[in-house]
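Shared between the two complexes below is chain A, which pairs with chain B and chain C, respectively.
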Partner chain A sequence: MNQLLPFKLGTEVYALELPEIQEVVENPQIHDLPGAPETLAGAIAFHGRIVPVVDLPLLLGFPAGNRFDRLIVLSDRHGPMALWIDQMCPIMTLNLSHETLSQSSSEADCIRGVLNCRGEIISLLDLDQLQAKLEQLCAENGG
Partner chain B sequence: MDIAKYREMFLTEAAEHLQNMVSLLVELEAAPEDRNGIAALFREAHSIKGMAATMSYSATAQLAHHLEDQLDNCRSLGQISSTQIDYLLAAVDLLEGLLQDIRQQLPERSVEAFIQGEIPHQGLELLESVSCSEDLDNSNLLIHLRLEETVAAPGPRLLVLLKKLEEFGRLLETIPAEENILQGEISRTLEVRLKTDLSQEQIFTRLQKYSELAEITFPPEQIVEKQRKQQAVTTTVRVGTDLLDHFINLTGELITNRYCLQTAAAERNWSGLNEGLGQLARLVKNLHHQVLQVRMMPLATVTDRLPRTVRDLCRSSGKEVEFVVDGASIELDRAIIEALTDPLTHMVRNAIDHGIEQQGRVRIKAWRERDQVLIQISDNGRGIDPEKIRQRALQCGLLSPVQAENIRDYDLYQLICHPGFSTVEEITETSGRGVGMDVVKTAVERLGGILMIDSVAGEGSRMTMKLPLSVAIVRMLLIESAGSLLGLPITRVLQTLEVSPAEVRTSGKQLVITLQGELLPLLSLRKILRQPKGQVKKLLSLVVTEVLGRKIGLVVDRLVGQQEVFVQGLPAPFDRLRGNNGGAILGDGRIMFLLDLQPLLEKRRKKEA
Partner chain C sequence: MRVEISYKFIVGFIVVVASVVLLNILVPRMQIPEWTHQWITIVGALLVGLILGWIFSKAITANFGILTAGAERLSDGDLSRKVRLRTGLFSDETEDLTNSLNQVFDSLRNLVGQIRNSSLNVNQSSLALAATAEEMTATSHEVAGSIEQISRGAETQAEMVERVSKVVKEIALGIELIASSADKLSTSAEETTMTARQGEQMAITALDNMKQVLGQIEGNGQLTVSFSEQVQKIGTITDVITNIAQKTNLLALNATIEAARAGEYGHGFAVVAEEVSKLADSTSESAGEITRLIENTREQSHKVYQSMLESIKSVDAGREAIDIAGNSFTALIDKAETAQLKAVGITELTQKQLGGAQSIVEAIEAIARVAEDNAASTEEASAATEEQSASMEEMTFASQRLSTLADELLTSVSRFNLGAEQTTSET
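What follows is the complex of A and B.
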């Protein structure tokens, strides 16, 4: 069985698998990062470390909505970095291999698969693609 | 047995032996009949041979054995010729190449040709540049293939696919490797790095014909490269057992301290709590000191490599240079030492290439002044001609004619650190390619240090680096701009002051004030960081600092104060962002970022141009 944490970006539902997540931070104080592009919201102090915060809806091209008061801090394999999202949904337990999982075709949208869960469409966020996207972003804004 | 661990140990030790060999060889060149030197050299080669043979690195062992033979001859003759020294240095280069192969877990390169007497002409450098350009080349493509679960014999199928892929271009790397598949390694996936002129789409359509392939993807290359870099970065340090004992004792004391504090807190015993906290402060300070000790390395780690560089340069330029190092035992944080390797080499090359005319002396001198280390590179060559710099600066438009007339020599010399600034008409092999002093200056400033240049025409020039002892803990000036907290290393701050807006005048489009008889251009930090405009205030807070060789007055919202902070870099890939050099978490949980002005201003300048 797999555990998923679904969250909203704009009107769409995305999800991450629990092992990909290190912690969910409530009411974080986000500090400005000088010279950073808009899609980086800043950084938080997370257990004594400085962890950059990515404005995920903005990065993926969703309209500026209400940013939620919680951040998802990714596990160290993909970070450390924190994702700012629009809204968080309750954790779901399901068997990924049993759900209709269609492979995503386009590489631009950071989706590694789409599942149809009781009529709701949930996109699995592709963290490798996200990381590649961020590397490109940082290289463009690098000096 | 953990091979990786032993490999690390082998590499570290072998690198030390090689470094010793280079130093000995350069010394022997001056005294070719030093029997002790030759004997020491023999011992070094012998140690490498023994270690390599134990680890079954046969090519390395073979070459070391060959060196041993050569040196045995020298030992019985009691002298070593200069052609032999050249030969042995080339062999050391080749050994370094072999170590590099072992480090990257590649098969060792062949040494047969060398032993047969064909000396590769600058072999190592050539090889390095080739592998470098291949890594950066865009024609590299990473292909990930997965076979259908139903394929009965995956091994042979993968071999067929490899043959097919070879038709598309050159295979740089495959996972699993071809030999491993031949030896029966079972895998349903194949990852290939291919150097090819074909596009992704072309390869995709051609591979699609193979029905046994379940998946054909092209993972982004950057991630792979990053992982590689990280692999290369890990190094080992030797730590004395006495220091380790200190650490364990300190840990013991900290544990005791924790229980004292817990008890005091449970009993609401305020005086006990205070006492415990005082003790904790002492322990942490002690621990910090000890950890810094572990990070310290002598300057010799860098300067020991330089005699070889000097020797090679003298050979190629036909100059005669005496090279002296004073104070090589001064210790600095390893991060600083590592960052100094390139700048020091560059400055020494500059001194020989542009300073010394035929014969002269280059000297590195290092000493401590309170909590700073000064490293000075001086030569007794022709010196820097201020007129030449003035002319060149006028040509590039760095200075206006009025500025050019009034600028002090000290500020003029700083201009040679401007990116792309070079007064050398001809480009030589070693320096004058437009990257030079700007790299040195940036490296020094990144470490929170400053670079001073002075020169007397006809008598020589002198470059002095003023560096902090350690990088991790830095004294900062904290400033505030539109609510964000930023820091500048104290060493970079020339002065702070408050001025009334009435003192501000305009010169052209530029706001300026007069400070000690000089015009000081003012730049707004809010504007540089593209933050919203602030309210007009009764007094402007200014930080006077130097950027791109020019003094500027940075207008900030508020000067907060000074503080010692522990600086941490941002995690990759965010460490590449321009504008900050990492940050620090302060006692109240706020994050302060280290302001890196130079790239921000360069970007602005480019936009304006």
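What follows is the complex of A and C.
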């Protein structure tokens, strides 16, 4: 059994597995990072650490909508990093092996799979690809 | 020398006797036969007697013929000449008779002259009288015409006076109607005043009621405001609850995440976290429900407040309207009282007018009586003038007759010839 935390980016629904998440924080004070690319919205203080905040809709090419007041702080394996999303949905519990999981063909989408859950298309976010994209962006920015 | 006829006869007899004697003396002296003496004497005496008798008789006859002619002239009316006898040596009784006849002539001539003059005078006077009578008749005709005109005028006057009397009576009737109307007007104005006072009282009462209603509405508004504030407080509390629910939800989410990270050991904790999450969700739902209810309540109370404001406006407008109505009633009372006073004044005036009209009617009736009297008098005068006219005509006729009589008299008298000198001297 897998537990997913779905969230919305624009009209699309994305999801992360719970083990990939450290914590969900509410109304943090976001500090600006001067000289950072636009996709880095700033940084927050999280349990004594400085965690950068990624503007996920902007990074994935969605139009600028209403940003949710909650951030998803990723677990240390992918961190330290916080994702700014549009809207959060309740936790879903499902068996990923039984669900129709189609592998993504393109690596640029940062999606590692798409599942059809009760008529709703949910894309599983590929954090590795996301990290790579961010590094690439930071490199372009720094270069 | 006056000798009476008898004496003349005696003298003649004496002459005859003397001639007989004389012849008796003379004849013998002649140379003639004696026997003829007697005859000659007789014849001579006869001759003397015859001659004397012829002379005397002729003289007397002539005188009588003259007298007879005079008498005939007298009878014929010729008074121009007097009777004149042949002047003999010896006048006798015929001269006395002539004198008497001449006296008759004179007196008759005087009489006729007087009669002629008088009749001429009478004729002239009667003609003048007739002319005067005609003039008077004409004048009396004119007077009659004038009187007739006056009579017609009096009749017209009487008609006019009657008409004026009718008109004035109608005016009096109209004035009475006006008086009654003014009375009614006064009554109506009084009723209007009373009604307006009642209306004013009602307006005051309504104003008081309106003020009470306004106070109640304002109190209700205050209540609504405090109610809204209470609801607002409830909303605040609900917001707090919602916030707590969200925080609880977040805590439950994080707990679930933590439990998932803990793996098998966190399974029970995950169940608790899920339950907590469900509680937080239901709390959130309830809070949302409360919020919606509060929103509805707030909308409702806002509507109530708005309608209350409108009510206040309406009540204010009503108060103003009632104020205006009260003022209008006051003005109406003033106007009605003024109208009442005026109506009373009109009534008094119409009473006076009525008195005046009655006086006019009486005066006109007096005038009518005078006019009738005038008409009667003019009729009498007309009748009198007609009588006068008739009398005048009779008088004219009489004077004409008198003139005719005088003419006739003159004609009768003109039979008498008075002679030229007499006529000229008389005329």
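To be clear about the criterion, the second predicted complex is superposed on the first by the 142 of 143 C-alpha atoms of A that agree within 3 Å, B and C clash if a C-alpha of one lies under 4 Å from a C-alpha of the other, contacts with A are read in each partner's own complex, and residues count from 1 in each chain.
Quick note on the criterion: a residue touches a chain if its C-beta (ideal position, glycine included) is under 8 Å from a C-beta of that chain, and two chains touch if they have at least 3 such contacts.
Everything quoted here is computed from the prediction, not taken from an experiment.
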item	value
Combined model on chain A where chain B meets chain C, clash or fit	fit
Winner by number of chain A residues touched, once chain B and chain C are compared	B
Touched partner set for A:121, first chain B, second chain C, both or neither	neither
Touched partner set for A:91, first chain B, second chain C, both or neither	second
Which superposed partner A:64 touches (first chain B, second chain C, both, neither)	neither
Partner chain in contact with A:3 - chain B first, chain C second, else both or neither	second
Touching partner for A:49 - first (chain B), second (chain C), both, neither	first
Three-chain overlay, vertex chain A: chain B-chain C angle, C-alpha, nearest 10 degrees	130
Closest Cα approach, chain C to chain B, once both complexes are overlaid on chain A (Å)	20
Shared chain A contacts, counted only where both chain B and chain C touch the same residue	none
Parts of chain C lying in touch with chain A, wherever the complex brings them together	246-247, 250, 253-254, 256-258, 260-261, 277, 281
Residue numbers on chain A that touch chain B, as the complex places them	29, 31-36, 40, 43-45, 48-52, 79-81, 128-129, 131-132, 134-136, 138-139, 141-143
Footprint of chain A on chain B - complex, ascending	219-220, 222-223, 226, 482-486, 529, 568, 570-571, 573-580, 582-585, 589-591, 593, 595-596, 598-600, 602-603
Touch list for chain A against partner chain C, complex	3, 5, 18-19, 21-24, 26, 70, 75, 90-91
